[in-house]
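Okay, so chain A shows up in both of these, paired with chain B first and chain C after.
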Partner chain A sequence: MKNGFRQSMAWLHTWSGLVVGWVLFAVFLTGSVSYFRPEISLWMRPELHDAAAGTRAAEMIIAGMQRRAPDAPSWIILMPSARNPVADVFWREEGPNASRRGFQQVQLDPRTGEGLAARATAGGDFFYAFHFQLFGLPIPLARWIVSVCAMFMLVAIVSGIVTHRRIFADFFTFRPRKGQRSWLDGHAALATLALPYHLMITYTGLITLIALTMPWPILTNFQGDRTAYIAAVFGINERAPRSGRTAPLTPVGPLVAEATARWGGGTIGRILVTNPGDAAATITFQQQDGDRLSVSRRTITFNGVTGAVIATREPEGPADATRGVMYGLHVGRFGGGVMRALFFVSALMGSAMVATGAILWAVKRRQKAGGGAGARLVEILNVGTIAGLPAAMAVYLLANRLLPPGMAGRAAWEVYCFFIAWLLMLLHPLLRSHRRAWQEQLWAGALLLLAVPVVNALTTHSHLGMTLPAGRWDIAGVDLACLGFAVLLGCSAWMVRHPATATPRRRTAQAVAAE
Partner chain B sequence: MALTWNPLEARRIGGIVSRSMAAIFGGYAVAALASIALARLGGRVEGALAGMMAGYAIHTAAVIWVFAVRTALRAWIGLAAAAGSFAAMFFLLGHAA
Partner chain C sequence: MTVLSFALAYIGFSTLCVAMERHHGEVFGTRRIPPRRQITLRVAGWLLLAASFPVVITQWGWSFGPVAWCGMLTLAALPIVLLLPWRPRLVLWLAPAACMLGILAAWG
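And now, the complex of A and B:
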């Protein structure tokens, strides 16, 4: 029975992993780069590279919004932080200018409250949003798809642990250039080296979407009242209707002082203003979460006219703290740059684990049965996703530099360039032999990634020659990462070119992981 | 592959389909019942969050169970027993409160 159990788990591991492998790879890879979402957004708006945070930012930005959108039903203000020098503001506007879901977005200078003329781009938000809601699908459906894939991943991880009894030995085992065996070793090494991370990121990822996918306790404990749930858990209250009587918004300076005092010095991450200019106005502050592990929500809501405190949301008990820590672990905003870099490397190992698993399936199938339509389909999807996606991501960054700044629908076209490139990468393996497809796409990805810093140097003043001497690691990091990935893809392409003819060598798994 | 009727093969595939259904839908049903049962144990916010967060751990355990037992029928019986227990817990705790 023991053997039977392990066999069923091996079967479960193979199939639960394979059917969602490509979505998982895309989610993992775009999620990995989302650790650097503010940095990517900043890189993609070179006009903002000299912006700096001011001292009375909240007051300046609110005043700016009163000039810019006095009649909007609400404003959402993401305050500048150590990683993002400008304020991102959103508001809903009815009319033909309204973008996706009716939201307008601009970047404001926190020193003056004036708009900053940056090129239109979704920036790092595109990768971030793609990693949990894909693109172009209705948002609840897309989030369900990603959740189901994450659930398969969790099952694949647990059944994988059962299948591999030699977890400790797998740390140190890598037999290179032996075909199937090497893929198996690589897959197991990548999985075991960062196993706690893989389990954590998958489970916490599911937790971020529980209000959609596991909503039943909201039915029983909140009588199905989602607004009450959101108010209780996130401290965001529903917007009251406009009263129709005009009333000036209270000065925000004293409110900031009050919130800071109550939070023991915590800073404001987000400001939500509803019904500005109306007697029913409210102002809600949400605490910045980059300075602590738990993002258990802390908010304070003021009457927008009198400045009196209407409601506060403070961390509750152990379950709320657990949710906060799980969310905090998932988004990895705590702990600074080194912590984030470690998470990033672990996430890349996760992407590579999914990739090697899918490749291993194809290699095994080809050796056993000589292929067939199923194996061919898997091979095509493997090349087009594993080699194609990084190339398409490079195209997205290149489009940001090459599309004319004043172009109509510019932000959308950057995204279309990404998908056009990815589609071509998915079609290309149909026309080529498997080995050639790998080789050509890996080279294409390497060259496109190499082109990113080069094109950046030709089109902006924020290139490595300027950013490195100035110590602007936030901006230089994107160029350097592209160079690093270009080398990685180039080496992979070179290894595909020279298949298993080399002398067998022993290498530790760490050496592989470090690549 | 030749499309000939092979009773053994059909039985094997039937078992896989049955287990997959049990794992995906049955497992989710057990997780959903567990979430509302556990939600009874804490306060309004605490209970709800605890139930929701535990849901996926229970679903994962259910999936492993479904594929670990000897027959698909046993898998369904096990799920039904778990679902019944959580449903009973939900109603009993509801009346106690």
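And now, the complex of A and C:
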């Protein structure tokens, strides 16, 4: 019976992993780089590299917004932080630059409140958004797809633990250059070594989308009123209607002092101003994440005219704390650079685990049955996703440097370049033999990644020759990571070119001949 | 402190690793481990892994610490798995090197 259970778990593991493997790989890899979302966004806006956070940033930015968009119904201000020297501001306004949902976005200099002329780009936000809502699909549908894939992932992890009966005995085992055996070893090692991370990230990932996938508790507790739920959880209240009477906005300096005093020193992450210039104005401060593990939001709302405190929201109650910790663990904004590096290493191991699993399936199938239409499809998708996606991500960074800064629809075109490159990578293996396809795509990926720091050096002043001596690791890190991945893909390509001298099948043939 | 906790976890894992017959063979050339030495290695390995925990906690505190410890264990075990098939002896030599670095970093 035990044997039967293991076998059924092995079956479950194989198929739950394979069916969604490619989506999972894309989610894992784009999610991994999203730990460095602010750094990538900054790298992709070289015009902002000299910006620096100033004192009295909140006052300067509010003053800047009063000059820029005095009549907007509300302003959302993401304050500068240690990882992002400028303020990102959003407001609703009709116009040619407005996003799909009618938002204008600019970067403001926190020293002056003036706009900074950076090239239009989605920056690291593209990878971040892609990793949980893909692209081009209606957002709820895409999030459902990712949630379902994450559920499969959880099933695959648990059934994988059951299947892998020698977790401790094989803990350090990796036997390279032995065909299927090596892929199995590698897959198991990547899974085992970072198992706490894999379980954590998959489970917390599901939790972050739980309001969508399991809405019933919210619908029941808030009588179907989602706005009330959002107000309770995020401390964002529905905007009061404009009164129609103009009234000047109160100076924000004292409000900042009041908020930091109440929080015992935390910094302000976001400012939400509603009805600026109206008697019904409000100003809400939200505490910066990264000071604590939990991202349960602390907010404080002031009357925008008198400066009196209207409402505060403190994280409270076990449900709120749990949600905050789950989300905090998933996004990993706490603890600084070393912690982020640890998360990144584990996340890359997760991506590699998914990749080796998918490759293992194809290798096994080819050895057993010599392939077939299904196996061929898996092989094509493997090459186009595992080798193709990193190449496409490099193309996205290259497009950022090479598309003309003033081009219409520039930000969108960077994203299109990414998808065109990826589509080509998915089509290319149709025309080539499997081994050649791997080899060519891995080399292509290595060269494209290598090109990123080179093109960066040719087109900007923020290249490694400048950023390394200046100690700007936030910017240099992107170039260095590209170089590192280029080496990794290059080595993989070399290993595909020089396959194992004795594959298991050949060895058995030799053994048979010897007897 | 980061280096010290990494060093402790690395030495702990490599000790546990050479306490296993297959890896003992890869590193020392013989799979036979005297039983008492095997037990000593195992106990020492687990103790070293355990010792890295309080170091991480002192640095990170109780809220970030356990998370950082999991990540640190992953990071410490990875080089062993990658070195064993190609440079098994290096696994051994890295241990005193990591130890020295860890102590230097903790003092310095």
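Everything below uses one rule, namely that the second predicted complex is superposed on the first by the 498 of 515 C-alpha atoms of A that agree within 3 Å, B and C clash if a C-alpha of one lies under 4 Å from a C-alpha of the other, contacts with A are read in each partner's own complex, and residues count from 1 in each chain.
Quick note on the criterion: a contact is a pair of C-beta atoms (placed from the backbone, for glycine too) under 8 Å apart; a residue touches a chain by one contact, two chains touch by 3 or more.
Being a predicted model, the structure only gives us computed values, none of them experimental.
Of the two partner chains, chain C is the only one touched by A:M339; chain B is not. In the superposed pair of complexes, A:M349 makes contact with chain C only, with no contact to chain B.
After overlaying the two complexes on the shared chain, residue contacts for A:F174 are found with chain C alone; chain B is out of touch. Within the superposed three-chain model, A:A189 lies in touch with chain C and out of touch with chain B [touch as defined at top].
By the touch criterion defined above, A:V158 reaches chain B but does not reach chain C. When the shared chain is aligned, no partner comes close enough to touch A:L424: not chain B, not chain C. In the superposed model, A:M495 makes contact with neither chain B nor chain C. Judged by the touch definition given at the top, the superposed model places A:L199 against neither chain B nor chain C. Shared contact residues of chain A, touching chain B in one structure and chain C in the other, are absent. Those residues of chain A that touch chain C in the complex are listed here as 169, 171-176, 189, 193-194, 196-197, 200, 292-293, 329, 334-335, 338-339, 342-343, 345-346, 349. Chain contact summary for the complex, chain C toward chain A: residues 2, 13, 16-17, 20, 22-23, 60, 63-64, 67-68, 70-72, 74-75, 77-78, 80-82, 84-86. The touching residues of chain B, counted against chain A in their complex, run 23, 31-32, 35-36, 38-40, 42-53, 55-57, 59-60, 63-64, 67-68, 70, 90. Of all the residues in chain A, the ones that touch chain B in their complex are 1, 4-5, 8-9, 11-12, 151, 154-155, 158-159, 162, 203, 206-207, 210-211, 214-222, 229, 232-233, 316-320, 322-323, 326.
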